[in-house]
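The two complexes that follow have subunit A in common; it is paired with subunit B in the first and with subunit C in the second.
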Partner chain A sequence: MTTVAADVTVRPPLGRTQAIGWFVVVVGLFTVFGMGVGTGSAPHSTLTFTPIDVSHGAPWHLGNLTLPTEWTLVLLGALIVALGAEVLVRRLVKGAMVRVGLMAIVFLVAVLVWASRQPGPSQVPFINVTAILVGSAAITMILIYGSLSGILCERAGVVNIAIEGQFLGGYLVGEMIDSATNNWLLATVGGLVIGALMGWLLAFLAIRYLSDQIIVGVVIVTMFTGLSSYFNSWVLTPYPNLNNGNIASNLAIPGLMKIPIIGPTFFDETGFFYLMMILVGLVSFALFKTRWGLRVRAVGEHPQAAASVGISVERTRYVNVILGGAVAGVGGVAFAAIQGQFTPSITSGFGYIALAAMIFGRWRPSGAVAACTLFGVSAYLAYNLQSYQVPISTEILLMFPYLITIAVSAGLVGRVRPPAADGIPYSRE
Partner chain B sequence: MRLELRGITKKFGSLTANDRIDLVVEPGQIHCLLGENGAGKSTLMNVLFGLLQADEGEILIDGEPVRLANSGDAVRRGIGMVHQHFMLVPVFSVAENVVLGFEPTRSLDRLDYARAREDIRSVSREFGLEVDPDVTVESLPIGLQQRVEIIKALGHDAQLLILDEPTAVLTPQEADALMAIMRSLTATGKSILFISHKLKEVRHVSDVITVIRAGRVIGTVPPTASENELAAMMVGREVSLVVDKTAAAPREPVLEVRDLVVRDDRGLAVVDGVSLAVRAGEIVALAGVQGNGQTELVEAITGLRHVESGSVLLGGRDVTNRSPREILDAGLGHIPEDRQRDGAVLSMSVADNLVLNTPRRAPFARHGTRNLRAVRDNAETQVESFDVRTSSVDAPLSSLSGGNQQKVIVARELSRPLEALVASQPTRGLDVGSIEYVHREIVRVRDEGHAVLIVSSELDEVMALGDRVAVMFQGRITGVVDPSTSREDVGLLMTGSTPAESR
Partner chain C sequence: MARVRGLWDRYRSASPVTIALLALVLGLVVGAVIIIATTPEILNAWRGAFHSWGAPGHALKVTFDNVGAAYRSIVTGSIVDPPQFWHSVTTGRGWTASLTPLSETLTYAIPLVIASIAVGITFQTGLFNIGANGQAILGGVAGVAVATLVHLPMVLHLPLTLLAGIAGGVVGGAIPGLLKAYTGAHEVIVTLMFNYVASYFMLFCLLSTPLQLPNQTNAISRTMPGGTQLAPLFGTASGLRVNYGIVVALAVTVFAIWLLDRSSIGFEFRVTGANPHAARASGINARRTLVTSFLISGGLAGLAGVTWVAGTTHYIDQNFLQGSAGIGFTAITVSLLGRNRPIGIVWGSLLFAALEVGGSNMQANTGIPYDLATVIQSAIVIFVATPVLVKEIFRLRTLRAESIKVATAGWGS
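And then the complex of A and B:
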């Protein structure tokens, strides 16, 4: 294999990028003229910052912020137009993706401002910024566990599409152990073990038998979905005591949690959230700063080259896929810890959104965190916008992460380059 | 280091790639392995480097039998290898590639980049191999990538260096530089196992030559043996090392480019106003130092790269910026420069690769359904007539030796109805017997009345094959000359100066 990058540019990618630029501009203009201008000067939108749950003590109080709806929307719209114009003028190819992400966030804010205007149809007369962030943080956390799992596997060249199944496994086992022992630490260990086992199964089939990794992954998810439903009706229904665990309680960090907005979002969370933050740092460090990470990435990019300097491709892949499974398993336990009772298919596709976020985040922990946050906030809003009487249905809003993912992975936005040997079975001879 | 191989045998299924091979490399020696495509040279080297396990035989280093379970073992024993297809991670930096597998670390398993850079610099200084440790490998030209491979091999204090066809992808200048490096390495007592199909350089640089055919050692000869003798030993018959062809009888232009401007990936105009007409019944050879726009010119002609301005005409039809599919269907044959990337699908069978650009045409498909019998029959015929060495036509292309992969592509392109043929480095990596065959086929295509454009960095090939020689320098054609022009004058044109008598 030659080492020259395989991206021959058949047509200049400029045309596509230009289309994206124009799209962003159009969204911006819509924000200005469709939502902004014409709402009139009367309506105002109010932002508040007091968290809903103040059982650990409220952060320092911030007053409400009342904004004129029309001008705020014009401003936000102009910001979006500027992002699009930047893509067009500077002919951004790589940076286009980040701009689209920013556009999505600003646009979401604009929708909120517009929806909460008073007088207006909304039943909720204000936007609780802190509540939105706190609510989104839970979803985001789950997604990040999934993305980290995906990164660990794919950086070594194995596609882990079974994250959804590992979530489900971790959820079921975690919930049962917590119900029985009331101990989230034990539950975490249980989830870690089941996730690792499922990772091992994927690795075994993909590495030993060189099976198509995507098919094996889908089979594992399907199998485990069936298995857990069966288990649910045969064990959990007759013994409901095994399925009534508590929601994990928050461990507020004194002092830090007093900071408005940031405190409740980041420092008044469950242990799973803190563990996730530690894992993000750890995975970033290990992948990009250590010898271990260099070897893993070599295996994912060019396994023959790795083998030619004595690195065991098989072993590296086994270790990483098992590690990835374990992380997703713990993610499943975290899911149970915020959601409670197990019901069949309770993970409702979060494993796949996590995988999408990993792609959007370009196979990097930091990028994945950004993408998961975007997806987490939009998923949370999708579930909660109804109360604002927004005339868009939840289902449509829930498609949002997937639309972005399709745009990204089809190469419509920027350029994503997966590890070169991602998903390709490796054999020695 | 003294290396001895005793009775090495390696089988792939029913195929015996290495058959009881004995070989001795003395310290400070440059030992050349010569053999046809598929003779088993790379296989033997992979066994020696621990990448493959021999079925029989033993390896002795300084008289002591060793077991090399993987290439880590080989490296620890002082063996370094530069592979025929480079083993570099394109997205890694030079430093990362060089230290991979033997990384210097600080606490917490952190990579010690400072030491890695320092190690590379000291190897660079010691052997005169300059390269920036911090650039990513994919941004380097192929000659420098190879330099990285050599540094990588030397970095682990190799006493025996395996060079598997290192010069195939190099320009003549780069090849000369490599020879000098090889000399300086053996001067310090290192041994080199060198594989090449270029008899001239083999005779020039080696101390001993071992010839292998069909997996067996045929004989060991000194470098004083003549090229004809060596060729005959390799192939087992007399080989003509010159191209026989009659004078061309050119007719109307078939392949024309007019005022072509093409930009590279960085947006520079690397083809800058090129006009060239290739007439039916003639071979135009495009000479030039690699990187002067030849690659991009060919990509533009074949539809692989966007044409900024100007036009490409094929048989009088304007095919500028058409898709490669349309251009191929209009009758352009294309043998690409990078066979593994643009010419073939390595994971597909030999038979499928032989119909890669005509899968929808009769007889290979009817009513949108593939006719597998026709595909197979075609493959059997082509494999036979081009002497492709493969265990079966159903074997994946990746299992063929480098030279045989190239033959598959040449066979495919030369065996379908053509208007014009564009061939980039058509004999890169081929053995002398195959070169003879491919050259003859190219002349045949010409004699059938087609237009042929050859791009080659081998001046010998350009002068031997071309009916006219066009020289390219910095994106422009600096002259079109007769092949009887002296090599010095062509050389001058290649550097942009104009010799007195060129027209």
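And then the complex of A and C:
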């Protein structure tokens, strides 16, 4: 009986996989016939590769690539159809949502190609591939900070839904310190401290008093949304020089940054980007290759067993939730470093998207990086489409990151397995 | 003496009501600390406090004056301003000014009661509907659409407007409900994301020709015709905004009491919320319960949205339920404060509405931003959700209030 039940929950009914497959196929056919074939043979789309920011010297020059719009779209559409067909033919259960994510990106690229066609309605006659990647990398970076924070907390068994609040806290404090001192290092320390404090608050309520973690987390976010709005009008408005920090300048890595496309994307970034890459490696290594990580995961999977071999469950959880808060706080500073001035609710739900990315990435740093890239690229593409006079209104485009998060979380049933004790308060009795 | 002893004993064996009141005290303390830490006048007074004799006393006085003024304006702005009231009693004039605070609190409490009951119903089912705000937005948009685009006599038009609000909310509730039931998508993430989708959808509607006020470039709707508005209780001439929405709120409260305590579906909600495994074992259809709970919750949240528009502003613009005005988020805290019970929610709504309305008055009188009200509310709820902490702070003996729990702890279910 139990094995049958487990089998049913782990393997969702095939019908939905087929629905997903057919959906992808339909999107592909739309790309081929709706956008591709209709444009005719005259229009061309141009891809350029020179980054917008060439302050550190232009990379090796790549010429423009001009593609016939019609055939490019047919090709991209065929690619989407192939993705859908793969889901249908191989009856993919696990990989179906990954294909949907890829479909979203390919489809958005197709829309870009279609929208930038010349002669056509667009004022922007080209697609700057490098600029798109640089922009996507910025959003992805923010999301990865949030996801890492979530991983640190949830691997130890505490749901940190307050990432959004920690982003806000880090953003506000980071922006104020940077405005006052013009020093991003100090700002990072400030964000780290405020994030850690917020993590401690969550840990204190969730671990010591066994409160419901999701409720307390959401209320902490509400509280800091209010507190940061309060701060904005009570402190930042009368002292505007506390909210006029610069955007962090890039630290280009000599040599590597000259590589076309890849260089500007990965090696001509702010310090926060490099810090993020280091953190991803560090968290992966610490969680899966060290004794500390083994203990953390034991606490997240089976706290009673961990306690029986002498691991302090409370202490481990405290440390991890505070660490997670600190990482999210730094993420908030990174947000400020690429976005500039603080305004209320500026983090616009990215903390929650990061949380969804963490779930999609199965509580692993590598998976989270992939999921964050998916969300980051698609969010940036959707925002970027606004400049191409596409016949889709701005508001609909702005919904896109949230819609894709909903769609992806709808495809996860039975396919993710959180740490067994995730979200469950632990008491010694 | 024995009576005092009795009261003291009752206080020490903390009931949920005691905990809520003590949480209010602690929330106000948190608010005071924030005011002290961020108000230049107070900080300057303390900076000079240790340079001369008597200066600490002065600093204390400045502190008490500032915090006192802030909290006094919360009370006078939300309940009653005694001098003004006494003036009305003695002279018989100025009743509008005397009753406005109470009227405003009630006006704000109307949609809050409805939205909080919406959230409370899902909590009772063991689900977490963080999307009440998005559902209320959809309700408001649908209500305004029906009110401004359809032409009917009032007898039909007002009910139809309210129904449209419910329908809009039902759509918003159906999405997380159905997705959770049929794909397992976690309702917390879906509803959180849906709030943003709903906000952008509202902007989209407000900028499209049918709804937008003609000759406008801003996102603003046409005004609802008189026949679709919830009229002020004491007539437009009274100047008091409290409106017939109060009838809607009372009806919803009675409905919720009936639903949760008397109906079989409410029983299924509560059993599922208390123990999903036991519910399944006793033959309750988990999927149907889940979807129904979300549909009812969404519908009520939508009703809250349309009630707010029809009773107060009569139009919506891009600020409708955004930021601190998002009653869907306040509703979560109210529902927790009222322990998800309709009667508790009504009291909680009155308290939090008073804080909001008083907060605006505080901003007008002292300049301290009304967002402080949100912080105080959240602090109150953190304390209510952690009764053991309150018990320790006040050294209470026993604890009759339990912590609040949602059944949806992990992400996998």
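Here, the second predicted complex is superposed on the first by the 407 of 429 C-alpha atoms of A that agree within 3 Å, B and C clash if a C-alpha of one lies under 4 Å from a C-alpha of the other, contacts with A are read in each partner's own complex, and residues count from 1 in each chain.
Methods note: a contact is a pair of C-beta atoms (placed from the backbone, for glycine too) under 8 Å apart; a residue touches a chain by one contact, two chains touch by 3 or more.
These numbers were taken from a predicted model, which means no experiment stands behind them.
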First, second, both or neither for A:S427, with subunit B first and subunit C second: neither
Between subunit B and subunit C, more extensive residue contact with subunit A: C
First (subunit B), second (subunit C), both or neither touched by A:E301: first
Contacts of A:L398 with subunit B and subunit C, given as first, second, both or neither: second
First, second, both or neither for A:T290, with subunit B first and subunit C second: first
Partner chain(s) touched by A:G310 [first = subunit B, second = subunit C, both, neither]: first
Residues of subunit A at both interfaces, subunit B in one complex, subunit C in the other: 12, 417
Residues of subunit B touching subunit A in the complex: 12, 49-52, 70-73, 75, 81, 83, 85-92, 96-97, 99-103, 105, 108-111, 137-138, 142, 145, 265, 299, 304-306, 338, 340-342
Residue ranges of subunit A in contact with subunit C within the complex: 12, 16, 159, 161, 205, 209-216, 218-220, 222-223, 225-227, 229-231, 233-235, 344-345, 348-349, 352-353, 355-356, 359, 393, 395-396, 398-399, 402-403, 405-406, 409-414, 416-418, 422-424
Sites on subunit A touched by subunit B in the complex: 1-6, 8-12, 286, 289-292, 294-295, 297-298, 301-302, 304-312, 417, 420, 428-429
Partner subunit A, residues of subunit C touching it in the complex: 34, 38-39, 128, 130, 175, 179, 182-186, 188-190, 192-197, 200-201, 203-204, 207-208, 323-324, 329, 332-333, 336, 367-369, 371-375, 377-379, 381-382, 385-386, 388-389, 403-406, 408-412
